[in-house]
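Shared chain: chain A. Partners: chain B in the first complex, chain C in the second.
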Partner chain A sequence: MDEYNEGLALTRPIHIDYPQAVPATYYIDPKACLYLTHGTCQICVPACRSNAIDFSQTAEERQLSVGAVIMAPGFGRIPDETLAKFSYGKHPDVVTSIEFERLLNPSGPSVGEVRCISDRRHPKRIAFIQCVGSRDLGCNNGYCSSVCCMYAIKEAMVAKEHDPDLDITIYYMDMRTQGKDFDAAQKRAVEQYGIKFVRARVADVMPWGNSLKLTYSTLAGRHGFEPFDMVVLSVGLDAPASAKELSEICGFDLNTYDFCKTSTFAPLTTSKEGVLVAGAFQGPKDIPESVTQSSATAGLAAGLLQKQRGDGYIVKDYPQEKKLGKNEEPRIGVFVCRCGINIAGVVDVPAVDASLQDMEGVIYHSESLYSCSQDAQEMIKQKIKEHNLNRIVIAACSPRTHEPLFQETLKDAGLNRCLFEMVNIRDQCSWVHANEPEEATRKSKDLVRMGVAKARLIQPLAEQTVPVTPKALVIGGGIAGMTVALNLAEQGFHTSIVEKNAELGGNLKRLKYTVTASDPAVLLQQCLEQVKNHKLIDVCTSSEIAAINGFVGNFSSVIKTTKGKKVTEQTIDHGVVVIATGGKEHRPAKVLGSEIVYSNRVVTQQELEERLAGKAKSLDFVVMLQCAGSRGDDLAYCSKICCTQAVKNALKIKEINKKSQVIVLYRDMRTYGFNEDAYRQAREQGVIFIPYSMEKKPIITSKTNKVTISFFDPILQEEVIITPDLLALSVGVVPEGTEEMSKLLKIPINENKFYLEAHVKLRPVELSVSGVYVCGLAHSPKPLDEVIVQAQAAAAKAAMPLVKGLVSVEPIVSHVNKDLCIGCGLCESLCPYQAIRIQKVDKTRIAETIVASCKACGICASHCPTFAINMGGFTNDQIIAQIEAFGKS
Partner chain B sequence: MSKDMFQPKILGFLCNWCCYAAADAAGVSRYQYPPNLRTIRVMCTGRLDPAFILKGFAEGADGIFTGG
Partner chain C sequence: MGKAKDKQSGAILVVGGGVAGVQAALDLTDLGYHCYLVEKSAAIGGAMAQLDKTFPTNDCSL
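Moving on to the complex of A and B:
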């Protein structure tokens, strides 16, 4: 059974789970191996020509001494009993979303073609059922799994891309697409893909002839049923199966749902000192937040281990690099790899090897069985010595995976690692022309000839490093900025905070309480004191950045401080920049088309919070309006925090006076994760939640002494007019000052003016300019605990160049020949990374590469009108030589 | 494929980060495609000087493929 493909396909007992698995090493499945289950077979032992199979190995127990432990066991599965009520297990065409994801995948069991499992027919109608195993006290999972709405939309869109005629309906309670730019994806799903969304609870799924019958009930109490070919259950994220065992072994606490228990102010710290947690075990979450948490825990652990930093490092010694004379003849060694049968099974390797005989510059050539094996490396080193080789060509697999390994061998043999060329005759030849051995052999010969032609012209390239100023600049002194500074200072790095206001604290100063009943004032006080007392932290208040110059490791900034009428400027040098400029509450002039007069009776949620925290007079009747000015009303996006903020304030109103009436008008309640508990609690305490739609918007009439709201009640099915004592608007968050900063640092912002990270999923706190990081509300709206985590992650990432003390540069960057450069500036204007600039030298203008920023794309080289720019390892001469060698086929 | 059919010689320039990686992935997945392509890896198709393309044709390429 192929467990990676959810048991939907078969695989061999010895396999790699999937091509990108880490490590990509074959392993024996003990459940399927005949030797391990029945004591027979062992046919693999003599078959493996590398003698790599050793059945005498047994499990061993080891003891490690460590200073910190990071828990990242992921999430568990929703039990089958919970799925059984939707006929899962009874009918093969009821599948989980994880199974459906595999069905959609080109490397999955049906090669990406969606087919019914029952009879392999193409389904015409597919239903998704949301909240299976989430928001369901029936299976003791009261929380929201946070990710299912978005992945259901993604799967539905991918399915539609495979088959545009598919009819897809998603049955949901609330669409919780609160992540950055997720609402835009939902909009696309409706408008471009024609996916239907139905707000209803699914009561039942029953086999019905060849298909399935789905019964549902809507908010208005209407029941309906629909036939479908396939039903996908959007399963939630359960606590990992190992949760209890881990908590007992390590001694940390779990929450009521068996996830790891942490607090709002220290979201990644478990109850056991030195034990940290990251990922879904801390609470259900998607990829960007898991990646952010993993960086953050790494940074926190680095803080704990600061005194031991560098202990136990072993620095490898290499022999002195052999100098290559300028006119020294190339002496090329070529090794043609058989890769077992991977190459030799298709390509005639001896013929390829023979084609190298008498080729210009080739001194030595041979076949090897596995050129990446240890013994082959030794052989290569020996041949380099024996034949005094000064260029090496390996014809084998991809340089993307194996170049570093062979370059290491060159270094061991005293050769510069750039005197190397790799020819790909496996991934891009034998594997893709398996049925055309003659053509594959011809192609291999051509590719090897082209590789050798390039190798003749390869020159050694110097390893380059750029020193780093071991200091950080943090822009913004709210909770995000302070967290970054404290974390970096904890790791031993000097940090300057620049805050535009007269004091630190930002939005945290206005936060009065949290939904988990923690006191933000305590956190603020603690942070302020720690920042003030830490000798490695400088604070510049009432200050702004006037200019930033330089590049990763070597920035220089001008800070302008305005105290009264006195304006002073100072310049500081630093190696990294963290942007934590924050955001603020939006104040829309119009909400859902109605003009708003802000008054004692019409306030924002933050103003209500401040009022409730003061000498609170009980309020008799409060209406809250969600998405006021958000999600396409005024702002395009969802601000993520407003639903929980509304629930928090509603609970506070009820706490002050149980008899107060609170009505919340909403589009989708997005109390994701464990905040769902607070939402449930609010309903239990009598807070009334009524959904509205954009087709029938509530109408607000606000005057200074009276506010009236008229809306359509979907349960009563009629218009209702109410006159509350107070209307609280959930208004969303806008970023502050991102446009100015984006110009200063040349970093991109998205259409909503939030910073655009380097990679949404994989590099969530880095920006496209090296050495610049982002966290907090300037990245996107998010609650306090997520701001803290993101700040910790940004600090961890920013610490990396500071810890290394230098930025190492791949030697393939661009290089300007100063004698040929005419200073036209074309390269500077075209470089996407600001990595080449025009310098004045004497009276002429000459281009200069900033090697630390260069990504080796070569745009400058290809556009230079005087051919003054060349790329290390990809010179014009080398590429032309390859093209000429191509012509000789 | 008939041997008598016209067999073009195609020269390809593949970006290391996308097309070259995709060509590797095609191999890992054992997708089969015609063996008429000979490739040159570059770090970005931005590296391509128009002269490379003209040179390719001059050297007898029937077509030039750029993947980036």
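Moving on to the complex of A and C:
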């Protein structure tokens, strides 16, 4: 049984899960091996020519001495019993979302074609059922799994890409796409892909003739049933199976759902000292948040073990680089990759390989099944040695993902890593010309010939490094900024906080209580004291950044401090910048089309919170309006925090007076993760939640002494008019001062004015300018615990160049030929990264590249009127040789 | 967990080789620490290695 493919395919007892697996070593499945289950066979032992199979091996126990532990065991499966009520296990065409994921995958059991498992027909109608094993006390999973809405939308869109005629319906309770830019993706799913979303609970799924019958009930109490060919269960994330065992071995506590127990203010610290937690075990979450937590735990562990840094650290050795003589003949090795069927399914790889025969400079050429696999690297190294190759061309996939791997192989073989050229015959040939195999093959031959032409001219390039000032600048002194500074200081780095207000604390000062009943004032006090007492932290309040110059490792900033009428300026040098400028409550003038008069009767959630924390009288009748000014009303996005904030305040109102009436008008209640518990608690205590749709928006009439709301009640199926004592608007969050900062540092912001991270999934706290990091509300709206985690992650990332003490520069940066430069300054004015500047040298103006800032985009080189600028690895000569080779078929 | 005898160890143990564990291990090495990454199955990558594309940009996940 192939477990990697969720048991949907068969595999051999000795196998490798997938070609890119690390380590790429075959293993024996002990559940399937005849020798290990029945004590017979062992046919593999003599068959293996390397004598690599040794059945005498037994499990070993090893004792490791470590200073800290990071728990990242992931999540578990929802038990089959929970899935059984939807006929899972009874009918083969009811599948889990993970099984469906494999069915969609080109390397999966149906080679990416969506087919029913029962009779392999192409399904016409597919249903997704949300919240299977989540938000369900029936299976003791009261929490929301936080990721299922997103993956269901993704899988539905991918399925539609495979087969545009598919009819897909998603049955849901609340669409919880609260992450950054997630709502936009859902909108695409509806508008571009025609995926249907139905708010309904699914009662059951039953076999019905050749297909399946799905019975559901809507909010209005309407029951209905629909036939489907396939039903996908959006299964939640359970606690990992090993949770109890790990907690007993290590001695940390679990929460009621068997996830690791942590607190809002220290979200990654377990109850056991020195044991940290990251990823889904801390609570169900998606990839970017897991990655953020991981970076954060790395930084926290580094803070705990600051004195032991470098203990046992092994630096990889490379063999001495072979010197390449100036006129040494090129001896090129070319490897053409099949990428399984990804390339070879379209491109005639043997023909491409054969076209290399007798090509000038090519000493060795061959094809390989997967050039990126570990054994292929060994083979490349061996061929370099055997044929004394001094340049390598790989025709495979994208250099964006795989160039570093191959360059590492070159270094291992004693070659300079720039003696390498990659030709992308996957994206540019087999993918885009999937239906024209002959043309794809011809184009592959052209591209490979061009790659070889360039390879003849490539030269080794020296590795450059730039020293780093081991200090950090943190802009913004709210909880995010203070958290960054504290962690960096714990790691031993001097940090300056610049805060525009007279005091540190930011929004945290206005936060009165949390949904987990912890006291924000305690956290604030603790942080303020630690920041004040830490020798490595400087604080500049009432201060702003007047200018930032320099580049990663070598920034210099001018800080302007205004105390009364006195304005002082100081300059500080630092190696990195962390932006934690925060956000504030939005204050829309219009909500859902109604003009708003803010008064004693119409307030924001934050104002309500402050009022409830003060000596407020109990309120008899409160209405809360969610998404007031958000999600396409005034702001385009979801602010992530407002639903939990509303539930928190509703619970507080009920705590003050049980008899108070609270109505929450909402679009989707997004109390994701364990906050779902508070939402359920609020319903149990009599808070009434009524959904509204954008087709029938509530209408607000607000005067200073009276507020009236009229809305459509979907259960009564009629218009209702109410006059509460108070209307609380859940107004969302806007960033502060991002536009100014984006100009100052030349960093991009998105259309909602939040900073745009370098990579949404894999580099969530880094910005496109090296050495600049972002966290907190300046990145996107998020609750306190996520702000703290993101700040810890930003601190970890920012510490990396400071730890190294130097920045290594990609050798492909631009290079100015001083003899040809006329000092016109065109390059300086065009560079998007401030990486090239005009310097005066003996009265003449000459351009100079700041290598640490250069991103090698090539804009300067392509615009230089005198061809004075060349890009490392992409010189004019090399590119012209490529173009000429294209002409010679 | 190492019981510190005379000097506390500077190495760090990461339990689990999914995307969270791998990222933690990579970042730890970038911060100058020796790291042990422990994974129960034959290859690292965890659940993410089973995904085809990722939300919301539909990037390849391998």
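Keep in mind that, in the parts below, the second predicted complex is superposed on the first by the 665 of 889 C-alpha atoms of A that agree within 3 Å, B and C clash if a C-alpha of one lies under 4 Å from a C-alpha of the other, contacts with A are read in each partner's own complex, and residues count from 1 in each chain.
By our rule, a contact is a pair of C-beta atoms (placed from the backbone, for glycine too) under 8 Å apart; a residue touches a chain by one contact, two chains touch by 3 or more.
This is a predicted model, so every value here is computed, not measured.
More chain A residues lie in contact with C than with the other chain of the pair chain B and chain C. Of the two partner chains placed around the shared chain by superposition, neither chain B nor chain C is touched by A:Val315. When the two complexes are overlaid on their common chain A, residue A:Leu137 makes contact with neither chain B nor chain C. With both structures placed on the common chain, the touch criterion links A:Ala47 to neither chain B nor chain C.
Contacts of A:Pro106 after superposition on the shared chain: both chain B and chain C are touched.
Contact with chain C, but none with chain B, is seen for A:Val69 once the two complexes are overlaid on the shared chain.
Contact with neither chain B nor chain C is seen for A:Ala59 once the two complexes are overlaid on the shared chain.
Note: residues 106 of chain A belong to the chain B contact set and to the chain C contact set alike, using the contact criterion stated above.
Residues of chain C touching chain A in their complex: 1-4, 7-16, 18-24, 27-34, 36, 42-59, 61-62. Across the interface of their complex, chain B is touched by residues 19, 106-107, 398-401, 424, 426-429, 431-436, 439-440, 442-443, 446-447, 450, 812, 855-859, 861-862, 871, 874, 876, 879-880, 882-884, 886-887, 889 of chain A. Residues of chain A that touch chain C in their complex: 4, 6, 16-18, 20-25, 27, 64-75, 98, 101-102, 104-106, 108, 150-151, 153-154, 157-158, 179, 181-182, 184-185, 246, 250, 274-275, 278-281, 286-287, 290-291, 293-295, 297-299, 301-302, 305, 307-314, 491, 760-761, 796-797, 799-800, 803-804.
The touching residues of chain B, counted against chain A in their complex, run 9, 11, 16, 20-21, 23-33, 35, 37-44, 46-49, 52, 55-56, 58-61.
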